[in-house]
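Contents: one structure, followed by commentary.
By letter and in written order, the chains are A, B, C, D, E and F; residue numbering begins at 1 in each of them.
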Amino acid sequence: MSYSITEPSSRQKKVAGSLVILYAFITLVPLFWVFMTGFKTPPDSISYPPKILFTPSMEGYVNLFTTRTRVSPERLQQLPPPANFAEEIVRNRNMVIVGPSKYGERFLNSVIIGFGSTFLSIFLGTLAAYGFSRFKVPFKDDLLFFILSTRMMPPIAVAIPIFLMYRKLGLSDTHVGMILLYTAVNISLAVWLLKGFMDEIPLEYEEAALIDGYTRFQAFYKVVLPQAATGIASTAIFCLIFAWNEYAFAVLLTSGTAQTAPPFIPTIIGVGGLDWPAMAAGATIFLLPVLIFTVMLRKHLLRGITFGAVRK
Amino acid sequence: MSNFFSGLWRFRRGAWEMLATLIIAIGVFMLMQPFAMWAYTYSFITTLIGTVMFIVVSHFPD
Amino acid sequence: MAQILIKDLRKDFGDFTAVHASTFTVEDGEFFMLLGPSGCGKTTTLRMIAGLELPSSGEIHIGGKEVANLPASERDIAFVFQMFALYPHFNVRRNLSYPLISQGMKRSAVKARVQEVAKILDIESILNKPVGGLSGGDRQRVALGRAIVRDPQAFLMDEPLGALDAEFREHMAVELRALHERMNATTVYVTHDQLEAMQMGDKIVIMNEGQVEQFGTPQEVYNTPASLFVADFIGSPSMNLLPFSGSVEAGASKVDLGGVEFDMPVQREHCDESMVLGIRPENISLTDASSYRSRVLATEYLGTSQIVTLETNHGAVKARVGSSFDVSVGDQTGLAFDAGAITLFNAQTGKALQSVLHEGVSTNG
Amino acid sequence: MADVTLNTVSKSYGPGSEREFAVDSVSLEIANGSFNVLLGPTGAGKTTMLRLVAGLEKPDNGSIHIGDRDVTGDTPAQRNVAMVFQQYSLYPHLTVRENLAFPLKSPLLKTSPAEIKKRIAEVAEVLRISDKLDNKSIALSGGEMQRVSIGRALVRQPEVFLMDEPLSSLDAKLRSELRLELKRLQADLGATVLYVTHDQIEAMTMATQVGVLHDGKLVQHGSPREIYENPKSIYVASRLGLPRINTLPADFFAGAPTAAATIGMRPENIVIDSGQPGAKSGVVDRVEHLGDQTRLHITVQNHSLVTLIHPTLNIGRGDSVSLLPQSPLYFAADGSRVL
Amino acid sequence: MKLQRLASAALILGTGYAASPVMADDLTLCWAAWDPANALVELSKDFEAQSGHNMSFEFVPWPNFADRMLNELNSGGKLCDLLIGDSQWIGGGAEAGHYVKLNDFFDSEKISMDDFAPATVYAYSTWPKGTPNYYALPAMGDANGWFYRKDWFEREDLKAEYKAATGNELGEPKSQKELMEIAKFFQEREIDGKKVYGASIFTERGSEGITMGATSALYPWGFKYENTPGKYDMEGAVNSPEAVEALEFYKGLYDCCTPPGYTDSYMGESLDAFKSGQVAMAMNWFAFFPGLYADPDTGGDKIDFFVNPPQNQAGSTLGGQGISVIRYSENQDASLEYIKWFAQPDVQAKWWSMGGYSAHNSVLNDPGFKDSQPFAGDFLVAMDAVQDFWQEPAYAELLLAMQKRLHDYVVADKGTAKEALDALIEDWTEVFEDEGKL
Amino acid sequence: MSLDPVEQVARATPVTVAKKIRGLSDRAIAWIFVGPTILLLLAINIFPLIWTINLSFTNYKANRPNRPVEYVGLRNYERILNDSDIWLNMQATAHFLVWTIVFQVLIGFTLAWLINKKFKGNDLWTTIIVLPMMLSPAVVGNFWTFFYQPQIGLFNYVVGFFTGADPSSFEMLGSVDLAPWAIVIVDTWMWTPFVMLICLAGLRSIPNYIYEAAAIDRASKWRQFWTITLPMVLPFLMLAVLFRGIENFKMFDLVVQLTGGGPGSTTELASINLKREAFEKWRTGYSSAFAIILFVTVFGLASIYVKALNKVKER
């Protein structure tokens, strides 16, 4: 019998485990349902009672990536046989594909703006975090609070002046505008997180480098950066996820050219038969990277959500 | 409790921050409570006072 | 206060055995040291006595009552943790009251008792302070206070000075021992610091890899180590261990070390395997009269004495000589050993060979 | 190698009125090739002094010379000193070899790859870490790490070695081993070393010169023996020696000089049962058998004393003994030595 | 290394500019995402072939359309070169200068507004209303109408049952009240083993849905925005007894006869309810009718259409849009070229044939028009009696106030119809006061 | 060691480098590092904020650039703070805020407490539970509207399955009574893991020896929970509550996608109304005042939050 005061008994563990697993299932069911819906046909997706078993179909994905138009059966007859499976699925609904949908573009926008702003926030954030971590900056605490508080601001409220400013500067609905904006929002997280990571790198390393004949900048570059690499990487993922998921700014400040996926996905639904499978397919593709990143991040999750205050 | 009052008297950060926090909390409560319209009307100024006070007193010595 | 009796105590963690069948007795009122390097099972032993771990097998008697399978709360012992384990969200007074309130004592009685203990430990002035801001020493006192306040049958202490800095440790050790003199409570004290054990303990148990190596008073353990491990572990610098091969008969009183004969205590045991000769640094004298030659490698001045490191045919040997003794690096000198202080070990088993000197040496008590 | 001179160097920290001197106008000459230990408790200013010499801090006042160069305003890089830190001086993201090469690759030295290789090989040989060169530095044991740290300093061939408690994070056995090794290296290289510690054993065993610091001031500077046997103040006397020196009012025993307020007696310098006149009798509270020595805790007229006796003497608790000081040290009321 | 970083930073910044549409001859047309838009894509292929310009399209679903496009216009965005914007936007578009004034262009290209149906020109093109200042070319005529399950209406058993229950013949309703009667008849009726419901109507909260739906009841009852046009005297008009009755009727229709879950439904949901066979009747814009008719499952003989029934008078809610050139566009010439092309009678004819509702007289007045599609005749009838919402520059404020008051009353059961309309007058008064019009 | 070291250094250090190194004080370097971030934030946060304050005293409308702008003093604030409709928005916000926090704290703490039992595989399940909070709220809101469809939706079906009620007999999003709870449910599903993670960190920050000490001190499990576990997790819990409070006070994306504020104005949270005022009605001046009110509230809460953050950090 192995027993200790602080170690729960195996029975306790079993009970706790099963309750947690039960909750995990509650967590998973909606996600799983969305994933499945992506492979249903539109009629299957709205059947009552909801179908758990169904014949998988790529229709949702085809609809997601194409724009289609309805043609008369007569004309359908005259068309050459379908060139690919997508065409075939669409023809079955009396339609033809007229071109790609905007989803690809929006997804690409998400990627560009996501990575762009992440890069910029990490770049600026690393510098600032190093500055705050290592130097006596006047009003340091106030500056840090100010930086953090910018992240707490309601996006809609911030968007009002930004909208006017961007209109003046011609930055509305541009990638640059969105990258700058997301950078401004993300930089607080980046500074706080990275400062935490850098505080953990003992000062001695840099001092050793200084004595060894390196300048401050070189010491920063050769000694601090490599050691902060893990921290920088996880901070980057956090920034990326934020930019990836952001909706309010995107819906208010973009309309097409630089529009990201989140405001776009709800509009996939279409008119003339709500296209849930396409929406689900869009959501699935969009959520997948975040799911993967979350699993990668799980060790740093806590730091990320508490701005580095709580270490795990 | 007596610590709290002497802290206020001596302009110590802890006590004053507590007070400011309290005022902010009251302001936020007034903003969102479902009981009295007048409380809603004066919520903003209460929160504003609390917040400004917090910024000021956070520079008091510990 | 009570006697603690440990019998065949064993603890397994899965495949790993942390403590092998240990047996020893802590007499009533004794300051008892559990000494050993980290991972030797001393803390596990202590935790089993406390009831923080349940033993895999064996018996623990506290004050005549078999408690091996009772939870900690029913054993009536107090425990002082290495990290003090003060409740960080309480002030000093609440920390001290906690065990009393837990066992349902009346508030007024609690207050009086806390005051009393605070007086003993001289911490009355900090009773209302949060424990977070206290110095290491004060925390230590509060932790002790929390142990004392209950008036338990025994105190168990897990490296209580380990978290203090070196300067303060010395001071607290004296204070702790003085407290013991006053209260005379049975105390089991775990440490990895041999000096601390020697300084404070009435009795010492030395453990290694879950096994009890030796049991005895500090002097016994120092003078007559039961094994190579103990010889090396106790003392600073530790015992010089000179490996040699040869054979020793029971009754022999001389040993041949690389052609030089040394007197030694009369042996009670025969051994013809490879052996180790153990001699403490202060039992070596530098004299040209000896034919056992060596060269001085280094000298270290210590004020009261100096340590001379010498190169011999059997490896480096350290000798402790008077600080005024004139010796410098590179000198050639002979070495003489104090005949009564030599211990021979069987190099294979690591055990000391029985001799006149080693009568009564115990590996369990 | 070069000698180092500190000339009334001061350094203070803290805001306005609460400014405290970490180093208070210290002048010190460190001879070329000497092993200097700065000894003092936490907060005595010893690390600050080291950092001032390294250039990691700028002094408020005074000047620092290395060789005949005034380096007071120089950056650490310009001073050509090497420093071994208490811990963390190895870069965890680099291998041992890269760590050793790091100082050589600095923009100041820009050593050629061939030269780097050669020097690393030499140093690794000296420190017996040749087989560890390609390990990640975090994969090393504590002792190995500290050796590599020293190697990083050696490879530079600097003018001065600065060491900040390099052994304090190691366990006792390893510490005594490395102590000897360090001493040997220093002697072989003839290096100038400035070494900071709070461990009196390290100070006594390694130093050619010990500087005792107290509240930012250098109280005494001399050889270990000099400091132990001839302390300038009661403070210095109590820094060295284990157990600590016993202090009693000067008139406790007859024969004190008039200026003396305190008499200091090293534990080994108290004669037990001498039977001579002037001896005071006390009661033994506790006997500590430490093997190599036996300590007696004695109460003499409400004063506690610790003495050392030979382990073979058979004195037990409650015995009464008579005590007489042998070559005692006398101190004035301000703590200074009365000769 | 540092240089590399800078370079990549510049690259990322650069993509922002590179992605902006600056290439000439590449026109973007913005519209709502619905059936007619797909038709326009097909139609525009001719333009691409003729002009060499490249057309791309930005279609936004209706619930987001106004939001997104007005945002785009107000931010001075360059996303759209051409915009088919809602009729109510004309005022704001003209006043804030989002739209290019087309008079000179029309004159020089000999495009006459007389060639288009007057109601559409009035509603879709002019600002101030009724003056010859044109900011758009009528592109898509539209009104709110109804369609129903002809197959169910024609089932003898149901007909008999309906007759027995109400004493009337089951057929296209002739009045709003009859519409409700029919809807009640179908509500929760079991047809082919499936529970069906009466009617699907607009209840959407976010954009304009419930206003468009409720005005389809309000107009036939005789609802007026003002007592005297142009005076903004709303008291007694907006909350007239007829208006109150009409609103109560609409709520009644919502409460009695709509399928569950249709609390926030607009065009998409309406179509969905119909296509999935849940409802007997549904309200929607004429624009969808070609698509509905062509639907293989519920179209063809299974469907028929009727104009929004009159009550005290005939009245339909106006939809439809004109096409405008955006002033921020860098391709205004090419955009105008598109409009010129689009205004040609034969293009307009093709437009109608492909599913778009031309407003061109040559199409509408064609003798064959009425019978060209089952809903063509209804369309003409509807367009004769259309009314539009406020066409004020502050229309959004007016609309959103109405959305709130109507939804609060109809769906969220808050207060009475009178209270809702009174509150609406208050809201509107405030808006007009801010505007300086009161 | 052939070269004199002094010589060596002197040769290796070019004069310009030496000067440069000497020329840049630590303070200058600090500003080089910190400056760009501060500048960016000044440009994209502070300047606009000041602008907003200025606008809040005007009757400006962003969709009417040609209309004369007048300063109206505090009129916008007066209107907002005397508007009972906006007060109702605030109450809806409060309902959402209070209940999400209550549920998230209860469920989150319980989950953390269970996970802290360290059963086998708890890491894996924790990661799975955490997934929802990392997702895009807009997309989450969007697909939950699908689950909430009365006839075809999974939610109604599951509830119907377990309670026997007709799934189409209730409308989570369309009914005045249920809609406020519908958004609470989704927010709880999404953000409970957040509270759980922080509670877990709190629980794990309690060293085992504290419990051992308590056991030695003869405290019962019950007493241990109330006197040790709870008080020691409390700062963490505060942090979670404050953060969720701030986040839900400014909640927009999730609820917009779920109900859009409906039915009627039942779930019209402050941000949703603000968006309507600012970007649909384009009453820029008025909504700037509204924004400032939200700003100040959030800023006040954020100050408290940072205070709590530092408290936890000291652990």
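The rule is short, and it goes like this: contacts are C-beta pairs under 8 Å (C-beta built on N, C-alpha and C of every residue); 3 or more make two chains touch, one makes a residue touch a chain.
Computed from a predicted structure; not experimentally measured.
Colleague: Moving only between chains that touch, what is the shortest number of steps from subunit A to subunit E?
Modeller: Shortest path length, in steps: 1.
Colleague: In terms of CA centroid distance, which chain is the most far removed from subunit C?
Modeller: Max centre-to-centre separation from subunit C belongs to E.
Colleague: Tell me, please, which chain's centre (mean of its C-alpha atoms) is farthest from the centre of subunit D?
Modeller: E
Colleague: Counting only C-beta pairs in contact, which chains form the busiest pair?
Modeller: Result of the pairwise contact count: A-F comes out on top.
Colleague: Centre of all protein Cα atoms: which chain's centre is nearest to it?
Modeller: The chain sitting closest to the overall C-alpha centre is F.
Colleague: Where the centres are mean C-alpha positions, what is the separation of subunit A from subunit D, in Å?
Modeller: Here the centre of subunit D sits 56 Å away from the centre of subunit A.
Colleague: Could you put a whole-Å number on the gap between the CA centroids of subunit C and subunit E?
Modeller: 91
Colleague: Among the residues of subunit E, pick out those that touch two or more other chains and give their numbers.
Modeller: Counting only residues that touch two or more other chains, subunit E contributes 71, 74.
Colleague: Would you give the residues of subunit D that are in contact with at least 2 other chains, written as numbers and ranges?
Modeller: 75, 77, 107-109
Colleague: What are the residue numbers in subunit B that touch two or more other chains?
Modeller: In subunit B, nothing touches at least two other chains.
Colleague: Spell out the residues on subunit F that touch subunit B in their complex, using ranges where they run on.
Modeller: Per the stated touch rule, the residues are 77, 81-82, 84, 87, 90-91, 93-94, 97, 293, 296-297, 299-301, 303-304, 307.
Colleague: State the interface residues of subunit E toward subunit A in the complex, per the touch definition above.
Modeller: On the subunit E side, the touching residues are 1, 5, 8-9, 12-13, 15-17, 19-21, 28, 30, 32-35, 38-39, 41-42, 58, 60-62, 64, 68-69, 71-72, 74-80, 267-269, 271-272, 275-276, 288, 291, 294-296.
Colleague: With touch defined as at the start, can you tell me which subunit D residues reach subunit C in the complex?
Modeller: Touch residues, subunit D against subunit C: 41-42, 172-173, 176, 179-180, 183-184, 198-199, 201, 204-206, 224-225, 228, 240-242, 266-268, 285-286, 288-293, 295, 308, 311.
Colleague: Contact residues on subunit E for subunit F in the complex?
Modeller: It comes out as residues 66-67, 70-71, 73-74, 92, 95-97, 205-206, 259-264, 278, 393, 396-397, 400, 404, 407-409, 411-414, 434.
Colleague: In their complex, what parts of subunit A are in touch with subunit D?
Modeller: Subunit A residues touching subunit D: 202, 204-205, 207-215, 218, 222-223, 226-227, 229.
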